[in-house]
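These are the structures, in structure tokens.
Shared chain: chain A. Partners: chain B in the first complex, chain C in the second.
== the complex of A and B ==
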């Protein structure tokens, strides 16, 4: 179950590259907020935020170099968040689709 | 007992590697509960933003996106220095670990300073929800949108909870600094540095989402 391996030391260069990418994405997300995309602004902003979060999780939080149990744990957190959001929004967005008599 | 057993390994573990993996997994399980914690607020935000898009659009313009950007830069830098602190601990460099912990703390405190200044300007602008809330003096169209307080309620709840996590993070860093100074960590044992790093990066990730959600609600018009 638990893999036995020596702790992986990530080279400093990797951290610098990830950090530079995060900074570039930050300025892209600020710039994109000023571009009129109508309803798509939020999708662009969230896509960039998710990319940044994935970079932090994989490299700064060492998940990329961790065992599979950590992958499952990190993935589960994300899946449950999606369930929380998707199911609630499915409810809110579909209200009023079917008319309830007397309401 | 295996021969790798030393005083650094608690008796329930086979060896240091297993102990480290258990510690890391434990922190991740805690972080999942934190995802759900912030997830509830993000859900509330999403539901109300869909319901009151105009209110959110106009209210969000009264947040200072420059301050928000500066704060995001500060937090990303602090994540880099935290990663370096863990890196130094992995290599058993005690002095360097201490330096990076202090730099991370300074950046964390700077973030809270900027946040505090923003809260103060919201106070002087009467944008704190409650009896003194008043957006009309800043924007004459506000009277037509009575639910703008909702945005600021969520703003204070989300950033407030995040700031509280930053304070806890600073407390953890202080504790790590003392432990590192006393020479409790080595190449073989640095688990607390590693998992406190995980916590710090997680708080950074929360901000990565809060920043565009709160400060960057379509600024093009």
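== the complex of A and C ==
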């Protein structure tokens, strides 16, 4: 209960640094789109996107300074998103495995 | 000890209004006027607001069903046009799923009972609770408006690309209504989670919680984690339909199966939003009317959480024949079989609870027994459908229509009605007429089976769903189904009548007419606004019933009667 009554005060500097990092990563995303890496372009883009999302969740949404119950709630949201993406991609990536006779 | 508390509750001094002389002792007569209802933050009054609004939607959805069953009496399409028929089954599904079944038990019984059952004065966020009802009403009016304007014909599933590129009905408006109403269910779920974590009475540990609380907790997890996905999905449909951004339509570079993934990621767990709270009701009722502790309490509690989690991993079973990879289909099929295990644990534990119990056949118990039988049939036919090969034969036929009605109507609505009967004396302070209660319960059971069992046969024989005309040889079974639906309709109207009647003429119930355990029975009926005059302290596990004691009491009264 005490954790709630004393909110952690984050210095403004932290927000500026996080914001700057997000902007730099945005430009990196755009830049990487022009670098031909073949199938790895998507992995690089996704890695950058996940990094940005984590930064937003930790700093802008204050999860980093919150108690463990908040960590569980935020973590659950993240895990459920992974379930959605993983199972959906499992379908897409395995569709070509079975050859249709005559095609 | 339980008795002592009851006495304390009864001994509350009557508070009389100094100006008007009116009695103000419970949440219903604490204050009067429209404002006292529409701006209330009392969870019990909000439950009543929900009760009235979902009842209206239930009978609206039911009237669409009446039209559907009338049309299907004859093989030819004669009563309505094909387009109208498409709109009828679409609106029946949308109203029943999003505006009745999903809010039904959580928003009415859950809202009323969760704080009382855990010994709290109210929800953690009373204003958010009221907001959830207003959001529900706004979403409902939006969808209602879209229906009056001309309706929607995509089926309640909104499959793309038909919904985004071809249907010329009110898809976006209806979708927005569902988008909005989703937030009311997120807020309810959020409120339940926080309330159950933070506001339990002293001594009320997790394993002393009633199973109704466990199941509503599990439901809340689904509401909070699943509903945002349907919201986003509807938004994407609106974007493609309104702005032609290619997401689902292959002609625009999209993928229609992506829609099905997103839609069923929520809409399969949504079935558990409907059935889990129903299971919670059944656990409470079966213990009370068998006078026994719930067999395997911890298993039943954890089965709720198991269903909530595994229920999120099975959605692909709706897509076995729609172009999903066969390998993904195999995984989803396997997981769909797995999710049957926690449900079976519950069914076996309920029947084990009844074993050697002292069973009485009051109206709520009739609904319990109806639920157990019908839910089992619905669940087992679900396993037929989870089977890759069988599903190819019965996919999109009346077999699946029968299956999910056995779960949603035979399961959820039976439990909802059982729960309403059981807690009606607590909610209103009055008893309903028991004879009429039993009669309607039987009518509903018979009418339900007559309506939906023939549909299993129709589906197996190959009659597809969502058609307004059918070959001659299917007529007998369809007429049986329509006849059953009219019996079912009477069965649903009767409780509406006698519940309203009981508000004025029903026998005064007293605080604990069923001699049930649980904190809600230790306060007066109807409860005071603050639920308890003193914070209850819990010192024992739930369901302290004794069949031997009940039998002994029964023998005594019988003996006395003989002596007289």
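Everything that follows uses one rule, which is that the second predicted complex is superposed on the first by the 87 of 103 C-alpha atoms of A that agree within 3 Å, B and C clash if a C-alpha of one lies under 4 Å from a C-alpha of the other, contacts with A are read in each partner's own complex, and residues count from 1 in each chain.
The definition used in the following text is that a residue touches a chain if its C-beta (ideal position, glycine included) is under 8 Å from a C-beta of that chain, and two chains touch if they have at least 3 such contacts.
Every value quoted in this text rests on a predicted model; they were computed, and no experiment measured them.
Colleague: Just to be sure I read the superposition right, which of the two partners does A:84 touch: chain B = first, chain C = second, or both, or neither?
Modeller: Both partners, chain B and chain C.
Colleague: Name the contact category of A:76: first (chain B only), second (chain C only), both, or neither.
Modeller: After superposition on chain A, A:76 lies in contact with both partners, chain B and chain C.
Colleague: In the overlaid three-chain picture, which partner chain does A:94 touch, first (chain B) or second (chain C), both, or neither?
Modeller: Only chain C is touched by A:94; chain B is not.
Colleague: Once the structures are superposed on A, label A:23 by its partner contacts, choosing first (chain B), second (chain C), both or neither.
Modeller: first
Colleague: Who touches more of chain A, chain B or chain C?
Modeller: Result: the larger residue contact count on chain A belongs to B.
Colleague: First (chain B), second (chain C), both or neither: which does A:56 touch?
Modeller: first
Colleague: Just to be sure I follow: which residues of chain A are touched by chain B in one complex and then by chain C in the other one?
Modeller: In the superposed arrangement, which is not itself an observed complex, chain A uses residues 69, 76-77, 80, 84, 88, 92-93 for both chain B and chain C.
Colleague: Could you please specify the touching residues of chain A with respect to chain B in the complex?
Modeller: On the chain A side, the touching residues are 2, 4-7, 9-10, 12, 15-16, 19, 22-23, 26-27, 29-30, 33-38, 41-42, 45-46, 48-49, 52-53, 56-57, 59-62, 66-67, 69-70, 73-74, 76-78, 80-81, 84-85, 88-89, 92-93.
Colleague: Of all residues in chain A, which touch chain C in the complex?
Modeller: 69, 76-77, 80, 83-84, 87-88, 90-95, 97-98
Colleague: Taking the complex as given, what residues does chain C use to touch chain A?
Modeller: 197, 221, 225-226, 229, 257-258, 261-262, 265, 312-313, 315-316, 323-328, 331-332
Colleague: Would you tell me which residues of chain B are touching chain A in their complex?
Modeller: On the chain B side, the touching residues are 15, 17-18, 20-21, 24-25, 28-29, 31-32, 35-36, 39-40, 42-43, 46-47, 50, 65, 69, 72-73, 76-77, 79-80, 82-84, 87, 90-91, 194, 197-198, 201-202, 204-205, 208-209, 211-213, 216-221.
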